[in-house]
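We just call them A, B and C in the order they show up, numbering each chain from 1.
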Amino acid sequence: MKRQVPLFITFFVGTLLILSVFIPPMENLGENFTLFFDIIAVFAFFLGGGNLLRVHFKKLSKKKRDWQYSIVTICGFFFMLAAGLFKIGNPGDIASSVTAEGSLFQTIYTNMFVPLGSTMYALLGFFVASASYRAFRAKNREATILLIAAFIILLGRTPFGTMLTVWIPDSMSIAQIPNLAIWIMNSFNLAGQRAILIGIGLGVVSMSLRLILGVERTYLGDDSA
Amino acid sequence: MKKASWVIMALVTVVFVVSWIAKSSSYNGETDNYIAQGFLVTFAAFLTLSIMSFLYKDNPFYKFAEHLFVGISAAFWMCMGFWSTIVGNLIPRLSSSLSEWFKVPYIESDYNIAFYVPVVLGILLLMRLSSKRGWLSRWPLAFIVGTTAGLNFIRYLRSDFIKQISATLVPLVVDWQGVGHFFSTFSLSASGQFVAIVTNWVVFLGVFCGLIYFFFSKEHTGAFGRASRVGIWVLMITFGASFGYTVMGRISLLVGRITFLFKDWLEIIG
Amino acid sequence: MTVHNSLILPLVTFHDVGMVVSLLAIAAGLIWLFIRSLKGMEVDRRIIFLFIFAAVAAPLLFPFTFSEKATPVVKALFNKVESLPPGSHVLLSYDFDPAMAPEVQPMANAFTRHCLEKGHKVIYMCLFATGQGQFEETMRDVIAPEFPDKVDGVDYVNLGYKAGNEGVLNVIVTDFEKMFPTDVNTVPYDSIEVFKGIKSCKDLDLIISIGGGRPGIKEWVLFVGDQADVPIATGVAAVVAPQLYPYYPKQLLGLLGGIKGAAEYESELVRNYPRFKDSPTPGLKMMGPQTLAHMVIMSFIVIGNIIFFTQRRRERKS
């Protein structure tokens, strides 16, 4: 029950979805199974929320380090959950969109979720700069190649690059930095990315096959669970 | 708490209140809820600066903002999933009374008892939270894994393997009209014939050598090793290009946040 | 004296002075950083952060804008939207979150302007839950003020978000209604005029995914573009743009990478439609801070390497 049933489910669903591509009458079945997948995905969101609460309530009850902040997490969670589930302040009735302009849910999204989410990533701008100063060294041939390519792209993606090489005649326009940057993207970058893409593609295909055939079982964890 | 912490806390509170009052008065006349609007913009700025304060060092303001983000985002995804997929796709296929309650159109022809399957599997997935019945969550997990594997198998094979190989097999001599024509029209124009030929050579050899670099079943020596070396160089240029783009992306995000602070909060730019 | 003032004042404004002073301050700071590093003195990371803040803030306070020329990858998408006859069905998928928004929201707004101006029927949807909130921004900033005559359900429709990533695409590639029985305001699929004659993605004239994460354009190419043979294009965050070049141009007809791509598209839009001359162009505005920040980062790399080689030479000598 603990291992054989999941292995059978994976095999059955995986095979069915592959077959649905080749056998048109099975298309409808394939669509339904995909819809099941979409619905289960929402339960995964519920699981995420439940797990978050479990972790933070545990931290709170055991008064672990920084337990005070768990109150913030829990309050924020329930505040957003109430605003969304009860559609508080929605301009329409229950049928209107949960993100309708003016609703509490959208207000929290715009004034809390957006600044928090975007600033988290905006910090990376500072760290990239710091890394450029401290770690980006032409230590060997490979690093030098990487540096030169990065330099051309950095220059080529700004109007400054155009200004620098605007004097180069059209018959040698490949030497103009913006054109050179475009060319690098369309040639070397394309080749390198394609090699990576093919490698990953083959990896995904072989892993999918291993999963469907039950060779790969690590996702089931160990039996003691 | 140390005295300095109290002072900082008091200072932040004062700045917050002053900003709230200033923002509210600036919105006065524009909107009916000017006090709430003033508070919201001030609070958004406070959260932005709290996260940015991490650049100085880890501090309570950052921790507060970080924990708030975690709580809000988990609930956000739950609500969106509930209204869009549970109410939007599941209920209209299972229950007319619930459809009526949620005011979503119930379509009788869409009624399908099979849609109880994802409900059961979803509930089993939640068993993950139980220490005794946790193993039951393997069933829905197996369904998720099986679906992903089944969906990806064909698509990756077609789009990321067959189509990529096909796109790599390009003519290595482009628009060839003879040696004389080639040399008489020779130029380094970005859209010229010579550059087009070089591009195709780079793509063909670059992909070939890049793949050789990733092939670990044979020792990288001799001609194979040299090709692998070329592969590394191609990959290094690729990573350099990616770095350039990454810098651009990260700076854009920073510009976005600083624009918010200057424009929406401080109103010092138009 | 009066003549002298009237000649000088319009030429040298506070804005110009501010720009020159801030550029000089940054340049002086970089020289100081170089000398300090050369002497082997430690430079605190917060000083580096300050430089980046100044490089971004100065061009925002004292803006300088540039004109952009569309590169072939951007031009291809612009021309495609341009060449479609009015009434064509274009799907815009908001596959992004607030973290990517500064880069891709300008693209989404520009696509909306272009499509609605051309008279295309626009279908909005999202694979990111946050995309639904981001669409409200387009609604507030573009559709409501600039296209008040466009009617929801007739000229455009918002389908909103559905969970399931590629699972959503696997259904809509053959049947839209199955995945989206209603739009975001629970209007039934059958009564939405935009969907007249549309059963699946195969009936669309163009799909544009705006994003930069997963699920996103890669899933659109794999599950819809290659399967249904529908023209697909994208506007993505700069971080993922290089990874998408292998799909261009056979599997992806156009590609806007980062804020530069957005600026190029906005510039092309203004050039072709003077009506949008006064519309916001955040992409173009962001190119000023972008340029200065790039220059500062390149200076960091140069300074860092000079120090590295100087130290290495010293070590070898000793």
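The rule is short, and it goes like this: a residue touches a chain if its C-beta (ideal position, glycine included) is under 8 Å from a C-beta of that chain, and two chains touch if they have at least 3 such contacts.
This one's a predicted model, so the numbers in the text were calculated from it and none came from an experiment.
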Checklist outcome for this item: In terms of mean CA position, the chain most removed from chain A is C
Checklist entry - More C-beta pairs touching across which pair, B-C or A-B? => result A-B
Next on the checklist: Report the chain ID whose CA centroid sits closest to the centroid of the full protein CA set.
Outcome noted: B
Item to check | Length of the line joining the C-alpha centres of chain A and chain C, rounded to whole Å | outcome: 17
Checklist entry - If you average the Cα atoms of chain B and of chain C to get two centres, how far apart are those centres in Å? => result 14
Next on the checklist: Need the CA-centroid distance for the pair chain A / chain B, whole Å please.
Outcome noted: 4
Checklist entry - Which residues does chain A have that touch at least 2 chains other than itself? => result 34-35, 37-39, 41-42, 45, 95, 98, 109-110, 113-115, 117-118, 120-121, 125-126, 128, 132, 147, 150-151, 154, 157, 182, 185-186, 189-190, 193-194, 196-197
Checklist outcome for this item: The positions of chain B in contact with two or more other chains are 55, 76-77, 80-81, 85, 89, 103-104, 147, 151-152, 156, 159-160, 164, 167, 238, 241-242, 245-248, 250-251, 253-254, 256-257
Checklist entry - Which parts of chain C, given as residue numbers and ranges, touch two or more other chains? => result 49, 52-53, 56, 99-102, 130, 132, 160, 162-164, 167, 170, 179, 186, 242-243, 246, 258, 260, 290, 293-294, 297
Checklist entry - In their shared complex, at which residues does chain C touch chain A? => result 43, 45, 48-49, 51-53, 56, 66, 68, 71-72, 97-102, 130, 132-133, 135-136, 139-140, 158, 160, 162-165, 167-168, 170-171, 174-175, 178-179, 184-186, 242-243, 245-246, 248, 258, 260, 287, 290-291, 293-298, 300-301, 303-305, 308
Item to check | chain A - residues contacting chain C, complex | outcome: 27, 30-31, 34-35, 37-39, 41-42, 45, 92, 95-101, 106, 109-110, 113-115, 117-118, 120-121, 125-126, 128-130, 132-139, 147, 150-151, 154-155, 157-160, 178, 182, 185-186, 189-190, 193-194, 196-197
Next on the checklist: Show me the residue ranges of chain C that touch chain B in the complex, using the header's touch definition.
Outcome noted: 46, 49, 52-53, 56-57, 60-61, 63, 99-103, 129-130, 132, 160-164, 166-167, 170, 179-182, 186, 188, 212, 221-223, 226-227, 237-239, 241-243, 246, 250-251, 257-260, 282, 286, 289-290, 293-294, 297
Checklist outcome for this item: Interface with chain C, chain B side, in the complex: residues 55-56, 76-77, 80-81, 84-85, 88-89, 92, 103-105, 107, 110, 147, 151-152, 155-156, 158-160, 163-164, 167, 238, 241-242, 245-259, 262, 268-269
Item to check | Footprint of chain A on chain B - complex, ascending | outcome: 40-41, 43-45, 47-48, 51-52, 54-55, 63-83, 85-86, 89-90, 102-104, 112, 114-115, 117-119, 121-123, 125-126, 128-129, 134-135, 138-154, 156-157, 159-161, 164-165, 167-168, 187-192, 195, 198-199, 202-207, 209-211, 213-214, 231-248, 250-251, 253-254, 256-257, 260
